[in-house]
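One structure is given here, and the rest of the page talks about it.
Chain nomenclature is as follows: A, B and C, assigned in order of appearance, with residue numbering initiated at 1 for each chain independently.
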Amino acid sequence: MAVQAVGSTGRVRVAPWNDPVIRGWVFQIVVVGLVGLLAWYLVSNTMENLQRQKIASGFHYLEREAGFEIGDTMIAYSPASTYARAIFVGLLNTLKVAVIGIILSTILGTLIGVGRLSSNWLLARICEWYVEAFRNVPLLLWLFLFYKLISEAFPGPRQAISMLWNTVFLSNRGLYFPVPMTDPIHAWMGLALLIGIAGAWVLHRWARKRQDATGQPFPSILAGFGVALGLPLLVWLLGGAPHHMSWPELKGFNFDGGTVIQPEFTALLVGLVLYTSAFVAEIVRSGILALHKGQSEAAAALGLSRGQSMRLVLLPQALRVIVPPMTSQYLNITKNSSLAIAIGYPDLVASINVTINQTGQAIENVLLIMAAYLSVSLSISAFMNWYNKRIALRER
Amino acid sequence: MTDMPVGERRQLAPPVDDSGVLGWIRRNLFSSWANGLTTIVLVLAMGWVLSWFLEWAVFTANFTASTGAECRGQGACWALIREKYRYIFFGSFPYEQHWRPLFAVIAMLAMLILSADRRMWNWRLIVIWGVGSFVTFLLMFGQLHLPLSLVLFIAMVVGASGMSLRKGIGSPTEILAYRVAAAVGLVGLVLRIVGVLPGWSLAIAPLPYVETGLWGGIPVTIILATYGLAFAFPYGILLALGRRSNLPLIKGLCVGFIELIRGVPLISLLIMASVMLPLFLPSGVTFDKFLRAQVAVILFAGAYIAEIIRGGLQSLPKGQFEAADAMGLNYVQKTGLIILPQALRVVIPPLINTFIGFFKDTSLVLIIGIFDFLNTANQALVDPNWAGFPGEVYLFAAFVYFIFCYSMSRYSKYLEYELNKGTRR
Amino acid sequence: MRKASMAVAAGLAAIFSSTGAMAGKDLDAIKARGSLICGVPTGVAGFALADSQGKWVGLDVDVCRAVSAVIFGDSEKVKYVPLTAQQRFTALQSGEVDMLSNNTTETLTRDTALGFDFGAVTYYDGQGFMVNKKLGVKSAKELNGATVCVQPGTTTELNLADYFRGNKMSFKPVVIEKVEEVRAAFFSGRCDVYTNDSSALYSTRAANVPPPAKPEDFIVLPEIISKEPLAPVVRHGDNQFADIVRWTQYAMIEAEEYGITQKSVDEMLKSENPVIKRILGVTPGMGKALGVDEKWVYNVIKQVGNYGESFDRNVGSGSILKIDRGLNNLWTKGGLQYAPPIR
């Protein structure tokens, strides 16, 4: 109290070199100056080296023709496309792996985390072994193993394993399966799906409100699915139900038609999901264990089954503990997908690596990699923070 | 409940016996019909997988073949491991000198195990690391040159940290000694840089020189992870302190750096180190490829360590800071003597987990052509005589990684338990 | 400010005592160091491969050895740094190596924009395709729709795309960075076709086919889709060193043309032919002009051999690769190897 009184009545006069505020600023300016000096030193060296070695600089190369082919593209791409498009194709591939990987490893990880707490001793032990085995071995090793196994265990395309009455083919070129031919109706079906999802959400809101007000439940999840999937189906039927399929068939060296999941993608996805789900499982488990025992006892006392108490009482509460570490696992999946380069899946880093080799402009390209990953990371963080706030305990 | 007529009690069956082996089985494996079904399905599945695996890995396996051709068409070809294990462990290090990386690995393991012992967490740690590192690198290189500038640099750092840490605590002679060391180091270093002092160095050369390009296998993995973390540690501490500081510019710099590094994959830093670092340096100055990878790992590790240490700093009650201020300690003393010792204690288990992470993640250096353990294992598959057995090699490598990582994670669990003893009720 | 930065640089260099070559005159640095640092490929049988004792052998390695023999009179004063296609240019630019003998194709942009100088062509190569015989393919024109294994970071990837585009064919690339992994992918059947310089294809076929498959199960298709003159590379800036690298190769070709071999070189010292006398330094002048010992060619031939001997030993009839001399024969025998006169 006395200290506060002294502080509030007036400042003690000290010499400028003993004043903590002034000292702080001097220190900061010195440090920032040193960092600036280091940066200037590196930049000036770089400029000098670039000039001496006549390496071009700037981002103009992005508009030039890339000239190389990419094995797995989500959008139209040919060697005549620009470097910018090649890099964008890589970015889309990275996002594809990351999004599917996040969804699958969340599901698998949750199952295994809950499995570790099972009352069945054998199931709990198997889940534990799974976690230990995958956590303690480098991801890259798993990727190599899965890739080699896939490319050596499956036969070539001419001896492909055919399944489901010769419509699906499995070979070391990947899994080929039929898809519907592109039709103008697909765009309308996509639109209908969006409208359906919006409708389902409105329905869900309404059902919640009604349950809060009257206590009468409404099967909003089932109805929501019905609306979301029914609308596109309706559009399809109204559009004359076009059912031309593109069937995969062996033509020359490879299958033609249909669509394919390539071995590189499969190996990367399987490796990422199995590895990350081991970490997710630990997070889920510790999240559930962090709950007070009274919660599960109370749920049991209410007559809920173990499954119900897990789904309705424990997991929703555990989510609050789980979400922050889960965010960093999601970031890890995104960053780890860059290991694709080792097994030849054309992700962002692989595309940019080829670009570095063809253009020789390392600095610009490394900056692009960093900017791309930073923005993806920051968006995932932002989304998860928003979600975390939403589910946080609302205290009065 | 209240409906039940008074006096009329239903006879309940006696409780199921849940003691003994049968009881345990009943309780843990067959507590309900769903549980029982799960158990049966799992046992069948496991039996199937295990019998297949044993058939492959043991009963039909070949342990003695001298070429890959003899192995073909049978079970696992462990003869391949027998043939290649020395290459997998030590890479292209000169064959007859393989005892050197072996002892270097032992020295590093001893160093790590000793530093895991809580009784060593004081000045002994510095001695252990000094001696351990010296032995390791002497064995690996065969020859060491201790340049004058390094000695001067150490003198300066020791002197400066002694001056601020022991201020008002140590005797006047001790303080004077620190001042002299710092001054000699600083002046010497300036003279060396300006070029007045010649580049003397002390050469210790008992063994033939082996360049880093020939290093490979398990010593490379351990060196990259261990020294990656060891060097990242002090600068991670600085970053963490900077992030917690009240000075806006410092805080901004540290936050920016940490978030930048944590937001990008390690691969991008490694690519940067291998293709961009040469451009950053003045022409003619080059870094060894191995050192470049090590620098990238250190940069990367620092940001992660900083976040862990920040967690430790945040866990300290405010009273500790206030008490240190009240005692009139300066910032360095407050941080070095009061705050850090307590904060670091808390963060040791997560630090070990980070070390495990880096032990695994250093495998990425194979992408820039450094022969770590995973890369030498991979190279063992290249020999066309022995091609076609990836499963064996990768399982073997996975097993070795597992042994290292699992034992470390057990230790970290144990330590967490030990350290929490005081606070647990 | 510039001075200050130089001083800081010197200080940094002193603290992290660097192992690389010094700036300035490359040749002086090499002589002061006592060894030549040579960047070679990371294991291409016949061109550069460390044998089981760790000794480097191959056509590319012989180039380094010959240059070392010219500078030091001893072909063994070479330190080999294996470099991938991607790392090699940075390594040369930054001074990590003195020269590349790395199966590098000479192109205009590399010679100019990257700041390099190329020596004489050591091997006339071209990109080709290798397929499994079982596919029954006879020509690259039949490869429509094939899956092609290719290594990134070279002109190979671009030539491949150009060739298929030019012939209105499509293909699926499998791009893997490490040459061992690309080969493994091809041999495991992940790809139908493996494309690379034809020298590398022959080398892979001879040395890397995993049993039980045999080299004869694979064929290299007749189409050569690019010109790939492979030559050693040095940095711009030290013309004397560049001259030595270029004329070392010429000397080996010239020696073959005049029948000077490893065996006969001592005998040839007594030759009356004025050309041979000039080449072997019996008539002095050539060494002095190049700034090296007068017996420079003698040392090369004695320790390494002439171009034909090196070719036969490493990639030709005396090796497992059995590559035809073809374009790499002497100009007098219908090939392209033609050395300017040493006079």
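Everything that follows uses one rule, which is that a residue touches a chain if its C-beta (ideal position, glycine included) is under 8 Å from a C-beta of that chain, and two chains touch if they have at least 3 such contacts.
All values derive from a computational prediction rather than experimental measurement.
Asker: Based on which chains touch which, is the overall arrangement a line, ring, star, complete graph, or other?
Answerer: complete
Asker: Just grab the chain with the largest centre-to-centre distance to chain B, centres being mean Cα coordinates.
Answerer: The chain lying farthest from chain B is C.
Asker: A-B or A-C: which has the larger count of contacting C-beta pairs?
Answerer: Higher C-beta contact count between the two pairs: A-B.
Asker: Where the centres are mean C-alpha positions, what is the separation of chain B from chain C, in Å?
Answerer: For chain B versus chain C, the centre distance works out to 40 Å.
Asker: Averaged over CA atoms, how far is the centre of chain A from the centre of chain B? Could you give it in whole Å?
Answerer: 26
Asker: Can you work out the whole-Å distance between the CA centroids of chain A and chain C?
Answerer: 44
Asker: Which parts of chain C, given as residue numbers and ranges, touch two or more other chains?
Answerer: 5, 8-9, 86, 90, 93, 177, 184
Asker: Could you list the positions in chain B whose residues touch two or more of the other chains?
Answerer: Residue numbers touching two or more other chains: 275, 278-279, 281-283, 367, 378, 388.
Asker: Going by the touch rule set out above, which residues of chain A reach two or more other chains?
Answerer: Within chain A, residues 45, 49, 52, 148, 152, 341-342, 353, 356, 362 contact more than one other chain.
Asker: Over in the complex, which chain A residues touch chain C? Could you list them?
Answerer: Touching chain C: residues 41, 44-45, 49, 52-56, 67-71, 78-80, 148, 151-152, 155-156, 172-173, 251-254, 256, 263-264, 341-344, 346, 350, 353-354, 356-358, 360, 362 of chain A.
Asker: Contact residues on chain A for chain B in the complex?
Answerer: Per the stated touch rule, the residues are 24-25, 27-29, 31-32, 35, 42, 45-46, 48-50, 52, 119-123, 126, 132-133, 135-141, 144-145, 148-149, 152, 331, 335-336, 338-339, 341-342, 349, 353, 356, 362-363, 366, 369-370, 373-374, 377-378.
Asker: Spell out the part of chain C that touches chain B in their complex, as residue ranges.
Answerer: It comes out as residues 5-24, 42-43, 50, 54, 79, 81-82, 84, 86-87, 90, 93-96, 177, 180, 184, 187, 207-212.
Asker: Would you mind writing out the residues of chain B in touch with chain C in their complex?
Answerer: 68-69, 72, 92, 94-95, 145, 147, 149-150, 153, 189, 192-195, 199, 201, 211, 213, 274-275, 278-279, 281-289, 291, 367-369, 378-379, 381-382, 384-385, 387-388
Asker: Applying the document's contact rule, which stretches of chain B touch chain A when the two form their complex?
Answerer: 28-29, 31, 35, 38-39, 42-43, 46, 246-250, 253, 260, 262-268, 271-272, 275-276, 278-283, 356, 360-361, 363-364, 366-367, 374, 378, 388, 390-391, 394-395, 397-398, 401-402, 404-406, 409
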